[in-house]
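I am attaching a structure below and will ask some questions about it afterwards.
Should a chain be cited, it is by its letter among A, B, C and D, assigned in written order, with residues numbered from 1 in that chain.
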Amino acid sequence: MRRSGKLLGLMVLGVGLLALAVRAGAELPPEDVGQVMRLPETAGEHWLWVPDRLFRHSALFDGDTGRMLGAIDSGLQVSPRAPLWSRARNEIYNVDTTYSRGHRGERHDYLVIYDSRSLEVKGEVELPPKAADTGTGIALVGILDGDRFIVVLNQSPGSSVSVVDLETRQMVAEVQTAGCAAVFPAGPSRFGMLCGDGTAINVHLKPNGELDRIRRSASFFDVVGDPITEKGVRDGSTWWFASFEGLLYEVSFGSDSPTPKAPWPLFSNEELEEGWRIGGAQHLAYHPSTKRLYSVTDQGGPGSHKDPGEEIWVYDLPAKRKIDVFSAPNLIAPFLGPQAGFDAEGTVGSILSFVLPNMGVHSIAVTQDSKPLLFMRHADLGAVGVLDALSGDHLRDIDETGLSGALLVVP
Amino acid sequence: MRRSGKLLGLMVLGVGLLALAVRAGAELPPEDVGQVMRLPETAGEHWLWVPDRLFRHSALFDGDTGRMLGAIDSGLQVSPRAPLWSRARNEIYNVDTTYSRGHRGERHDYLVIYDSRSLEVKGEVELPPKAADTGTGIALVGILDGDRFIVVLNQSPGSSVSVVDLETRQMVAEVQTAGCAAVFPAGPSRFGMLCGDGTAINVHLKPNGELDRIRRSASFFDVVGDPITEKGVRDGSTWWFASFEGLLYEVSFGSDSPTPKAPWPLFSNEELEEGWRIGGAQHLAYHPSTKRLYSVTDQGGPGSHKDPGEEIWVYDLPAKRKIDVFSAPNLIAPFLGPQAGFDAEGTVGSILSFVLPNMGVHSIAVTQDSKPLLFMRHADLGAVGVLDALSGDHLRDIDETGLSGALLVVP
Amino acid sequence: MSRIDRWFEGMSRQSARRVSRRSWLSRFGGVLMGGAALPLLPVARAAEKHQVGEDGVKGREGDPRRCEYWRHCAIDGFLCSCCGGSHTACPPGTEMSPVTWIGTCRNPADGIDYIISYNDCCGKTFCGRCMCNRNEGERPLYHWYRNNDINWCGGAKTQTYSCSTAVVVKAAKEAQPEK
Amino acid sequence: MSRIDRWFEGMSRQSARRVSRRSWLSRFGGVLMGGAALPLLPVARAAEKHQVGEDGVKGREGDPRRCEYWRHCAIDGFLCSCCGGSHTACPPGTEMSPVTWIGTCRNPADGIDYIISYNDCCGKTFCGRCMCNRNEGERPLYHWYRNNDINWCGGAKTQTYSCSTAVVVKAAKEAQPEK
């Protein structure tokens, strides 16, 4: 091409010289090596973490553009735990389990501290090597209000909770919580837990993070007959939990002991008879300013509490009634598209979405702003669906979000 | 059921008692907890390692039954390296790269020593933290004849080779091999390498494993115009390598310096014009007693040297001619079958295999016995095809062999 | 949701429940399924499916390498039977965790409910074969020993999870909670 | 090999070459492809594909988030443009390895061959997006700096491989070896 350009210049001199000049001007300049991107100063309101079991990281996406912004690695446990974000400290925290020889050898657990602009590791706090590890990764870690303390559920197999002081970057307490599991932040120095005897507890910390006292509620749900899942949602110090049969329990962790209210049903008797049940993994999401509850719903009947749902039922919490039903998008086309080299919005994608059944979703999350997005994933489809959380309109899908996992975390 | 059984016994006493007695006799006894399987004393002739990038292990299969026998984990490098098996020592060796914090932190490389019956780790030898890591994992490690020394290619990015003495379980030498890469065992104390100037070298070790001398051949191939791949096959101290354009080079590493013979063409001029080329990853396999060479062949023309091939061409090496062509099996049905819950030999599998295109294979390996099996995989289909290596008959497929990887290792 | 979607869902709900983590492929495969039956080679694992099953049970419910095996009614993990172990033994080089979750499953051969202990095999990474998730009587995280989400390798030397077994403890005095 | 196989192969060879590691899906998708065009929502990444491309190149060859981007002619890895970086910058928290392999690619806008340096970004695990493998002028392992199989994070602080960039070094004096 360069050679033919020269020939052209010789043959048609005037035009040829012009062409060469333009080309020389257009030649791409050498570029710098070593550039590394940074994130904006503050987290976007529509950002989303997508943790992945097989890639062993949590990838960060912009829900508006679908672009991946970066990632933080997780440890070698079964599932990555939820990344925690402190806007006050411009830090991100992740609890990782590692072994001295890859997948074997001595176990070490760490709270890893990242700069939230550079995603570089800026510190770590070693934890007792027994941080709980589950297939879902839900309710295992939490950052308390005020961003000073992080609580980490342990299981060995009895339960306890490690408390880390982010101010001193030290572990300050291990609270014994036998018989209770999952952590539900509910204040600057308080978190709740659910217990195997149908009660809940409040764990109160002293100002330095050490245990002050544990206070237990009366027994308020049926652990065997109709248990509530630990996959709750939060508004301040109030949490909501749903039972397998669709009773919604409101529990305030705001006072000395947890105070549950009488539950109300998410399903009518008819709906229950038709087999409608809660289902999936992270099956609830909550939007505070509109007080809307989103619930993944499947028609699998008893025992389907971990099955994905084809619908997301929307409830007005103060009114205690269902106000809308969203269809889960078909995530097969956006999952296969980029791997198959076709555009999901093109012909092949259209046909796939038309022909193939909708698999439903295991997990949902909603952003907390005034124009909220509702994110959803099926645990084994590497794509995330994005809906307008108010209208239910299906806005877009984000492709290649990973291979396997049930968590969705809005930072 | 027990309750209804009791009611039955009350209502029809005689028959009821008999029924209860039979049931009691048939009741399953409590079973022992803690059992762990062991492998047979010696490796089977039809066994196969399938290393996987995403699961980060090498799984061992029986090619006759398709059953998985066990696995050894790999490190956190891009690809697992080839497991090495010493029948004399009843040991398996794997070179693993690990980091102190999972995927980050201080790097350590180890030769991990497994008992070949229990697959338990029985020792390890720390290596310089620069063992070479490639997408294929081919020709990076080798065990020398006599099973005393293991050689490990380093790249940082210049090359060297670590030598481990299995007798003392110590690293005994780091041989500087700048400009050369890949290791080709060729005796108890000798291995070959290919070099960037179109030569090959012989690295001779002293009896204690330290470097004795390096001897270089004349330049015998065109590194830029028509390079030979480092994915060679072996018979004693002789190795064969194929060039991108299908010239087969025979190199003896059996004397002081490597001695290459004049190459001969795997393709006719017509076949080259039709676009036939070698292709894939581990694209050659060799069966010593029949002196057959198997070569993955694709029709992609120049630049297709890493593309999978739809055919395996079979050559008689002494006669220097093609004697057979095997079709690569369609591995889509056995890959999807177990995940989709259908049998690959059933209706769905049949339709899939009939309708879907054959993807070809990247890698092949042949067992070394008198009734050899030819194994093959596509780097991103989690299934291994099994052919009779003499007749080319497609015997069976092994499903769920992993997710991603290009190596196949016959122990 | 289209009608054809619902049709496929009805078709595949059962298998989707049984192999929930990978259910999409089940439905995906269904699209290409017709009435024809073409000859195809046996896949190695499937070749033995017609043998006399374990525990005197015929068919898939008697095959420990199937998710449908009767003992798997509350399992969540890779089946050790497909990983170099068996339904009662770990693959070579792994360790069986002594602590575990349990299920109550009915043996179709004798009609008796048994307590099944799903001991995890630990110390090597994911086996990656025969993923199976069923949740009969499964209970949330705070009801530890009925919960199948937990990595139960907590009691083993190394907590890396490889696969799960299904060991008979004894005949159950009560049926599953939900029954 | 059936005739229908050959037909599909012909159809999809180009895309298979471009995305070889995952090419089966390309062909798989092809099976379900017909003439119809139904409306569907945009996938986020695809939404920007019609923009004016990089380096003055229109279409996919000007899109750094496509395997077809002209600079990717000898790449093998995940595209950093899809991972929080760009074709010349690493994603946050990773480090660009200073040692690298190179390719020689022709810019369709100016017809000039450029030497492209495929610096790997290192220190975090696989990005997992936009896998791309093309091998124009790629050479075996012993020809280090033309080999794209090598984990080129050897020059970085941590050798964990995340993704690959495609940085213009300069105009090439010679074309690709194979051209």
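Going forward, a residue touches a chain if its C-beta (ideal position, glycine included) is under 8 Å from a C-beta of that chain, and two chains touch if they have at least 3 such contacts.
Source: prediction; values computed, not measured.
Visitor: With centres defined as the mean of C-alpha atoms, identify the chain lying farthest from chain A.
Guide: Looking at centroid distances, B is the chain farthest away.
Visitor: Please state whether B-D or A-D has more C-beta contact pairs across its interface.
Guide: A-D
Visitor: Can you give the whole-Å distance between the Cα centres of chain A and chain C?
Guide: Computed from C-alpha means, the inter-chain centre distance equals 27 Å.
Visitor: Which residues does chain B have that touch at least 2 chains other than itself?
Guide: If we look for residues of chain B contacting two or more partner chains, we find 55-56, 73, 76, 103-104, 121, 354-355, 403.
Visitor: Among the residues of chain D, which are close enough to touch at least two other chains?
Guide: Residues 22-23, 28, 30-32, 124-125, 160.
Visitor: Which positions of chain A touch chain D when the two form their complex?
Guide: 1-2, 5, 23, 26-39, 52, 55-57, 59-60, 65-73, 114, 117-121, 329, 333-334, 336-355, 386, 394-400, 402-403
Visitor: Mind listing the chain B positions that touch chain A in their complex?
Guide: For this pair, the touching residues of chain B are 54-56, 73-76, 96, 98, 100-104, 110, 112, 121, 124, 403.
Visitor: Okay, in this complex, where on chain A does chain C touch?
Guide: Those in contact with chain C are residues 76-78, 97, 99, 103-105, 107, 130, 132-136, 139, 155-157, 159, 179-182, 193-196, 223-225, 227-230, 300, 302-308, 310, 327, 330, 332, 335, 354-359, 378-381, 404.
Visitor: Can you tell me which positions in chain C touch chain B when the two form their complex?
Guide: Against chain B, the touching part of chain C is residues 15, 18-19, 22, 25-26, 28-30, 32-47, 49, 55-56, 82-86, 88-96, 98, 106-107, 109-114, 117, 119, 121, 124-130, 160, 162, 167-171, 175.
Visitor: If we count contacts the way the header does, which residues on chain D are in touch with chain B in the complex?
Guide: Residues 1-2, 4-5, 8-9, 12-13, 16-17, 20-24, 27-28, 30-31, 76, 99, 123-125, 133, 135-144, 148-152, 154-155, 158-161, 177-178 of chain D touch chain B in their complex.
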